[in-house]
Amino acid sequence: MTTPLTPPPKKNPLKRSLTPTSPPGVRSRATLGLTAAAAEGRFMLQTCAECSTVQYPPRDACCECLSVDLPWNDISPTGTLLAESTVRTSTNLYFRERAPWRLGSVHLDAGPTIICHVHGDVAPKSRVILSNRLDRSGQGVMIALPEQRTPDMEDDPELRAMSSDPKHRRVLITDARNPNAPTLARALHDAGATMIFVGESETWLPNPQRDALSAIPGVEIMALDVTNTTSVKELAGEIGGKVDILINNARFVRPGGAMARGDVAFAQNEMDVNYFGLMRLAQAFGPGMCARTADGVNSAVAWINILSAYALVNSADYGCFSASNAAAFSLSQNLRNDFRAAGLRVMNVFVGPTEDDWHQELPPPKVLPPTLARSVVQGLRHGLEDVYCGDVAKDMIERFRAGPKILEREMTTGGQG
Amino acid sequence: MNRPRQSYEGVALVTPVSTPYQRYSIETAHWWIAKALKGSLDAAGLKPADLDGFSVASFTLFPDTAVGLTQHLGLSPRWLDHIPMGGASGVIALRKAARAVQSGDADIVACVSGDTNHIDSFRALLSSFSRFAMDASYPYGFGGPNANFALLTDRYMHEYGATREDFGRIAVAQRENALKNPNALMKKPLTLEQYISARPIADPIALFDCVMPCAGSEAFLVMTVEEAQKRGLPYATIEGAIERHNAHASDLIQLRGGWTVDIDELYEQAQCAPTDIDLLQTYDDYPVISMMQIEDLGFCPKGEAAEFVRTHDLTISGDFPHNTSGGQLSAGQAGAAGGFIGLVEAIRQVTNQAGSTQVANANRAMVSGFGMINYDRGVCSSAAILKGGAA
Amino acid sequence: MSTLTDLTLRMASGEVEVVDLTHTLDPDFPVIILPPEFGQCARFRMEEISAYDHRGPAWKWHNISMSEHTGTHFDAPSHWISGRDVPNGAVDEIPTEQLIGPVVVIDCSEGTTEDEDFELTPALIEAWEAEHGRIPANSWVLMRTDWSKRRGAAYLNMREDGPHSPGPTPEAMRLLVEERDIRGFGTETVGTDAGQGAHYTPPYPAHYILHGAGKLGLQCLANLDKLPPTGAVLIAPPLKIRNGTGSPLRVLALVEK
């Protein structure tokens, strides 16, 4: 059974922090399909369109009939552990530092044999469920989990290395004024986060959520304005060495597209908060977090952007806001590149219209703070990169995959409903 | 139905050369290959210009191939081959070269393999070994071949009841053989107790289940029997030879190799039976693979190799001489030369040139090769039966 | 000796003191807040371009951004709808002689301590005149409240029903503008109007009446307690922004000791 993680001791100032290392991260283009599926927590393999043979490792042609039509499909993740080993020495530094490392060979019920990581609670030669996760190189890998949940199974060192679990970690939520801040902070506390810093802008203005936030154990309200470079740098100077998970929930939203507004003032605010805010945070907090991704139980692990689902496609009613989110989405991809060597995960949570003042005119369904908080915590536990929160966001990504151009036309009706 | 296999009649294997291995070398693969090639040519009294066929196996020649080597070494062959089949490459090079000589495409073919081993070059080699390994095996603990063979060993033990002691018998016997081979890297005796208590590497694989990567090279020449006799060279003949790739793809995990597909034809071609074999050189990157070969080459039924090694003496003077030079486990694994070590030793044995490791009355030897863990299993297998010819 | 030479000598000797009435431009300095569906006043922001580094080895500099009405700032007549047709009503058009002139200070600090919605009324102005004499025409009139000493949330003093801070009544503004013909009106609060100034008729009477008559405004002033009731000179030139309705500026006063 998994030994539960104990709260990490205070950092020994005489000990050098480990430099982050990565598991092997080079993959063929075909195998990136595994990564794409893992990014959103799906278990998918190539299945031959002609003969239905499930392929693994990923291929460019079917090993049964030579068809080159190999679409990725959701596959039942159940199988049997055929064999296992525990690697005690490796020429790869990442695994060398983490040895012993259990791995195995699983016969998937769907057909192929899969070499995979093996959770410590899996019994020898037993039935397993494979989970497709992102490892710290940001690539999809499979880990065999026991068929039935076991106590503290998230604390298994291999599974934890593939997650961004908030347990025993310290979190910064950037915007105490966002209506979702108290629920988010509460959910992170419940998920085991030990400290929850919450950034509050413009302390010269009242914050009606202050009391609710302060009542949550572990919460500390800190001055932070993502539109103010100095403020972001100052907070990074103060707590940058303790932020293991950064949740950027700062958002500026006003309805209207370019033509409805007739000026760029709100659009500038939107860009300043939603896009430049992210950039300022990344420039101030990113380097420190990247240096601490191998720092034991409470290592830096994830960067979360709460984005609008309109980042994927422009919503006419929120045309300029959508554009700022598209910019932030694009920047998040750039950050993924820059954070990858350190293994710091960038998780984007795409959220449909939220239940707040600025979406008052939209009909339901709308995302309530508890739904968002659940998505964030689950995404962290599963180590995801892309989370679609709420029915609208899920519907939108499905339509986006089916055809971005069709979705664009659906979203831009030109006032004809 | 396959057409009958043509015999290798009239083909002679001569001048086996093993360049003494080194744990680490500052030299290149080119250097090592040149050393073995020169050794073999010198022994045959030939000049580089006399060579008209050239076959190379090497992992560390990059960015060169056999092509670059011709210019580098000043060769002008009319037949050129490059064999990327690792542990199966020796027998496969032999098959191709023999057919070239039989057909007249070449008169004298040098089959050479060699690799260098720089500090960190083994890691670099692993990182770029194969696409499937890169995609689906190395990201899982990066145990390299150790981890792959650990999985096979675990399953083999589970299926057939083999124990670590059984694997240990193979390693211990080979060490005893190696102590008679002055060029073997391993110089200290190994006891079964030492084998069992060795440092674990990738359970159930421990230190003495693993080969030691090193630098080295191996070579021999292929020519007609007439040519060998004319030059007064002791020679071996090929009684039969097989190769097979990606056999038994639907086996969930590898417990047998491609030999099982072709072994009957091999014995038929060689007109002999397992009991006629005087010594066996298996590809021994891990003891479990030698056990698999003992079964798949017909020396015992499937799953009974453990019992076989319990009841046989695998040393040079034993009733079942096996890997007489110490094999890769005790002599070292010099990259692709690991696919030649058994073959070159077998040529020495049947031509009575093995010196301190010579098996008495070694007339017929079997050599098998196994190569290239592409993903979860070795893909290439090969085997040959050699016989000593009259000098 | 010329007047200016005399002045500079007296400034050098300390007989004429230069008092800084300006708050430091700082990202955290409060700005006026409107209901969120309206466009908002941009806060002061500063982004480093280089700091003797790879971005510019020998120099340090910043890009700054803000509203015309951020920090200690100047309101031109064109800022308000009542002043939109006033000739020379933008900051770049205001005659330069208007930018330096006499200043009187009406001390309301005592009343403000007791009542954060303290009103400057005609009665208070007349009482001040009884003591210090009639306000000279074309003078700056500054309302001292010591509000500039407030920090953080206490400055805007924002509550559910809006901000609460002192300011003039419509009648007081009419008296100053129509009967005293002042040059302009200045306060220590975020605007020339009271926090609750929207509820007067007309709403925001200081803005409406001042600018409708082509008069000037100054807000977010500091150090008014260092000025005498009469006799000081105010130097308040805004940036010369084409068609600008206001400007952050450095406000100085010359005070004779």
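Every chain is named by a letter (A, B and C) in the order it is written, and numbering of its residues begins at 1.
Operating definition for what follows: a residue touches a chain if its C-beta (ideal position, glycine included) is under 8 Å from a C-beta of that chain, and two chains touch if they have at least 3 such contacts.
All figures in this text were calculated on a predicted structure; none of them were measured in a lab.
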Report summary line: Contacting chain A as well as chain B are chains none
Report task. Name the chain whose C-alpha centroid is farthest from the C-alpha centroid of chain C. Result -> B
Query raised in the report: Just how far, in Å, is the C-alpha centre of chain C from the one of chain A?
Result: 49
Report summary line: In whole angstrom, the CA-centroid distance of chain B from chain C equals 93
**Report entry** Residues of chain C defined as touching chain A within the complex
**Finding:** 27-28, 30, 33, 36-37, 39-40, 43, 45-48, 152-153, 155-156, 158-159
Report task. Could you pull out which chain A residues touch chain B in their complex? Result -> 23-28, 30-31, 56-58, 63, 82-92, 94-95, 101-105, 107, 113-117, 125, 135, 137, 139, 141
Query - Contacting residues of chain B [partner chain A, same complex] - result: 122-123, 126-127, 131-132, 134-144, 146-148, 150-152, 154-155, 158, 199-205, 249, 252-253, 375-376
Query - chain A - residues contacting chain C, complex - result: 202-206, 225, 227-231, 254, 263, 265-266, 269, 357
